[in-house]
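Next up: some structures, all given as structure tokens.
In the two complexes below, subunit A is the common chain; its partner is subunit B in one and subunit C in the other.
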Partner chain A sequence: MDILAQPIEVDSAAKPGFARPQLDLELRNIRKRYGDFIAVDGVSLKVRKGQFVCLLGPSGCGKTTTLRCVAGLEEPDEGDILIGGKEATRDPPWQRDIAMMFQDFALFPHMTVAKNVAFGLEMLKRPKAEITARVDQVLKSFEIAALANRKPGSLSGGQRQRVALARAMITEPRLLLLDEPIGALDYSLRETVMLELKLLQKRSGISFIWVTHDQNEAFSLGDLVVVMNHARIEQMGTPEEILQRPATAFVAGFVQGNNVFHGRAAGTSDGLLAVDTALGRFHVSSSGSAPAAGTAVSFSVRAEKMTDLVGDEHGNRVSARCSAIEFFGSVRRHLFERSDGEVLKYDQFGAQAARIELGQLVTIGWRADDTVLHGMAG
Partner chain B sequence: MGWKVRLNVTTGLLGAITLAFLAYQWLPILTLGLLSFSGPSGGTTFPMNGVSFHWYRELWQASVMNDFKPPLLRSSLLALACALTTVVLSVMAAQAMRGRFRGSGAFFYLMLLGIMAPGILVGFGFAILMRLLGIELAWNTTTFLVQVSWTLPFGFLTMLAVFNRFDPRVEEAALTLGASRLVTFRRITLPLVLPGIIGAALFGFSLSYDEYPRSMFTTGPDGTLPLAIMAQLDRQLTPEIYAIGTVTTMSSLVAVTLCAAGLWAMRRSTAGRSP
Partner chain C sequence: MSTIRVRSSASYWLALPATVWMLVVVVVPIVLLAWVSLWGGRSLSPTSPLTFDNYAKFFANKTYIDLALSTIGHVLLLMGLTGLLGYCIAYFLVMKVRSPIWRLVLFLAFVVPFWTSTLIRAIAWVPFLGVNGVINRILLALGATHAPIEAFLYSRTGITMAQVSLYTMMAAGPVVYMLNAIAPQLREAAMTLKAPPFVVFRRIVLPLTLPGIVIGQVLVFLNVMSDFATVATVGGNKHALLSNLVLLFYEGSQIRAASVVAVLLMLCMLVGVVAAMRVVDIRRLGTDR
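Here is the complex of A and B:
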């Protein structure tokens, strides 16, 4: 797929009213409610030029509504939307410099593939000859030239996905909005398509805003991952930041492989905060101002930071019975029953020999430095 | 008895019931069709008195008194006008219902009132109202209005069902690709609901074409075809009536077949073809 290898002239650079050309998209305090239900609550976001942004969250968290506000398919009750530095909050979708890809692709069933792909250029009222040439070029680069005269009804899922992508990208919009774009594809196809899309995004320089509930997608694709829950942004940052320093108990619990603990602060000593939980007292490294004694706090430890070979440096310890062992190849995950009803996860490097048996009572420990106190990071 | 045998018996039984029902539907029309070919001296019941095209010739060379051609023309024009009006209004009304506006529930039931209300009373009441307002009754004004109130709900329900199964994301895709609402409606929505529109038009046409009770009081001096047939039945019963019934049934059949063929061709082209 070498779309945009030879880009045709697009007038986006010549559009008037550029105040902040360095940002492709800026959301300022977007709010959207449906009756009593608040779908989006004060979402602010900045997308730099050519960034790959993933909106990640459980269903109903407001990520799709946010995307639809950017597209102009929903109008926010409050807040501003700037596309390419230009105020676009009240603009209808067809006047915005965007394209959108839908989960089931929403191809026009009564038009051929070529007609589907040409639609955006026809709306721009380009000359016929130019449209034909450009469609030919794009169909070739997306490897769907052979399907040009077929109708969407006769295409496979993977072919539809390519047609939808070609249709959205042919006008080279500033922003491409993707609503669960590979959710309708077979599992075996997803990995390949993800890689292709990532490469395509880098080459085209078009900013992608990708809505998904699948964290693998978000972490492997996004330059910036925005985790949403209950209509709000919980945390945004690079995949590394979110994986290694979850900012809230929700993010830590939502991201796979975290052990989340809730408790109350019980004073600081030597830069370590003591936290009393249902499982006992743990020590958590806390940079900056520690919460006052008695405040409710939560922290998390990644499953691979746990160990069953407890040494002096592993000040935090829990004894628990192993209830399940799952072998994933790269890691061996052990599940323990915690006395507070939760599950404790411990990932052992898969190449190492198995040391724990099912039903065995084991002492698991971890270092205070490997804990992440929530509510502290950005 | 094995389940296969039971299955065969059930299939045969259901098939027989279906055939009996179809015969029950079509035999009366077939009877008319047969009797319309009676000889010149022909009566209006079996057994037939000879076979001829006499009554079709009568129909064509009719006197002014019992000439069916002007009422036929009026009814056809009226039915076409009703079909067109029904299509336009029902598409608009169903499109409005997609948005769930305030009072849309009341609007829905008020639309359906046209189906529930007894036709003869609606026609009579309408005629009284027109007289009150001093408006002259005529087939192309008052009859048209009262018939649209009858055909519109059917078109409305048809379009509602069509829009129910319509994927609004296809329209949204067009909007995000730079098409305004009007262009989206013309290029995307309209072609996709066209089968439903043809259905609504057929309803509009056929319901208006054979409407009697609503036309009875509202038509004025120049009657429609059902009124003319009824008047003829009052005067004398000849196989000419059967001839006209056969002619209009055949023309309806041809029209419906053409529509069905058109729909079939459209569906085939939407399903896509191999390269």
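Here is the complex of A and C:
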């Protein structure tokens, strides 16, 4: 795709009334409730110019409601929304500098592809000739020129996705809001589309806010990943930060490949916090102020940081019986039954020879430095 | 058990009862009607010579032509009134009433009257519109008029008022159906593409409900064209439309003239339906192609 090959005017400082041109979007303490149900609870977020932000979370966590508040399709009960530094909380959708892509694409069924794509420009009252030329150009760059006179009903999922994207991007909005934009596509198509969208986003300089429940999408696309749960932001950071240093037990459990342990703090020695859990005492590296003895804490260890070749440096050890082995090619995942009913995960590089058999009792160990104490970061 | 394939003999056998029924109660009577309308000569018998004299007589009479024209005018007026009112009601029910319970209550309030026959509902207007009727009493009580308004009953106004109430839901029903079929995301997508509400209505909602409008208009058109009962009861003997002319000729034993008017009435309806089908192809509804 070669969309928006020509440079886009991004010099928003030239437009009047921009107090903080460095931010494309700022949410300040957004709250939204439906009756007794709190959909969004105190969400604050800053999106820098041209950032790719992924809102990640399970269904019902408030990510879509947050996005709809940004679009103006829902009005927050409290809080402020600034788009390009300009207060927009009470602006209707048609006065905001945004475009939105819907999960089922929401193409207008009675209009041709060309008419669908032209709609945004027609709303901006651009001259007819300019609209025609621009639509031609965009259809070409999205490789859908051949579909110009077709109706959406006769298109495949992938084609609809391109039309929806072309329609949303043709007006070159400051923000593009995407609500599970590839959730309706075949699985085989998603990877290609994700790569295209990432390149497109970088080239266009438009900030993307991408809502998804799929962590693969979020971690491979996002410059900034915002993990939400129960209407609140649990953690935000780069994919590395969230994968390597989950801030809460929820994030650690939601992100694949973490072993989460719950217990009580039992004093510090040599910079290591001792934690008593149902599986025994473990030592956790804690930077900064350690929690007082007796307080409930949780920590996590990534499955690939575990080892069955236990040495002196692996101060934390658990004996468990192997209940399942899954081979993914790059990794071999072993599942062990933990005595607290949870499952212990241990990932071995797929290239190494298998060492553990099903049903075998194995001692698994890990270093205190590889544990992440929750509630400390972010 | 096997499924029935298209063009298998079983599908033809299944279509047989309905085909026979339609032939006996629709096709044969229409053919007979058309045949009788062409009977010439002095006596009424199947041996009469076939001629267009009866039609010539009808078109030679200015009174009949005026009646036909005023019928068309009346039908157009009703289509306009019921179309506008019906669309507003449908839009209100689907878009504005948020509570499902209220929507059901209001929908029933609009639909329940349809459980009574059209004739009864037409007659029920008489005590409302009369000189001593409900409307006049209310107007007098409110001091809006000093003398009862006679123009309501036995007048065009009265007929129009009654027919609007009888047929508005016919115009609204198909629109309700089409409005319900519009996904809310379509309107939201238009709004995020900078379309203010009225433009969303004009560019998205209206075109997508057009089939419903046309179907509603066809229903109103056909019903008003053939509605002699309301005209007879609310209009008294002072007013007539083409359909009343059929009754008039029939009661006067002028079977050939009655047939002529009936055939012309059917032709008008046919033209109307064909015109509507050119705007909206009902067979392709719901395929969104």
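One rule holds in what follows: the second predicted complex is superposed on the first by the 369 of 378 C-alpha atoms of A that agree within 3 Å, B and C clash if a C-alpha of one lies under 4 Å from a C-alpha of the other, contacts with A are read in each partner's own complex, and residues count from 1 in each chain.
In this text, contacts are C-beta pairs under 8 Å (C-beta built on N, C-alpha and C of every residue); 3 or more make two chains touch, one makes a residue touch a chain.
In this text the structure is predicted, and so the values were computed from the model without any measurement.
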Legend entry - subunit A as common anchor, with subunit B and subunit C clashing or fitting: clash
Inset, instruction - Answer with first, second, both or neither: which of subunit B and subunit C does A:Ala296 touch in the superposed model? - result: neither
Inset, instruction - May I ask you to decide whether A:Ala133 touches subunit B, subunit C, both, or neither, giving the answer as first, second, both or neither? - result: neither
Inset, instruction - Considering only the touch criterion stated at the top, classify A:Ala146 as touching first (subunit B), second (subunit C), both, or neither. - result: first
Legend entry - Partner chain(s) touched by A:Val343 [first = subunit B, second = subunit C, both, neither]: neither
Inset, instruction - For A:Leu358, select first, second, both or neither according to whether it touches subunit B, subunit C, the two together, or no partner. - result: neither
Inset, instruction - Report, in rising order, the residues of subunit A that make contact with subunit B in one complex and with subunit C in the other. - result: 71-73, 92-94, 96, 98-100, 102, 104, 106-110, 119-120, 123-124, 151-154, 167-168, 171, 177
Legend entry - Of all residues in subunit A, those that touch subunit C in their complex: 71-73, 92-96, 98-100, 102, 104, 106-110, 119-120, 123-124, 151-154, 167-168, 171, 177
Inset, instruction - Please name which positions on subunit A make contact with subunit B in the complex. - result: 71-73, 92-94, 96, 98-100, 102, 104, 106-110, 119-120, 123-124, 146-155, 167-168, 171, 177
Legend entry - subunit B - residues contacting subunit A, complex: 167, 169-170, 172-181, 183, 187-188, 191-192, 269-275
Inset, instruction - Note which residues of subunit C are touching subunit A in the complex, please. - result: 183, 185-186, 188-196, 199, 203-204, 207-208, 287-289
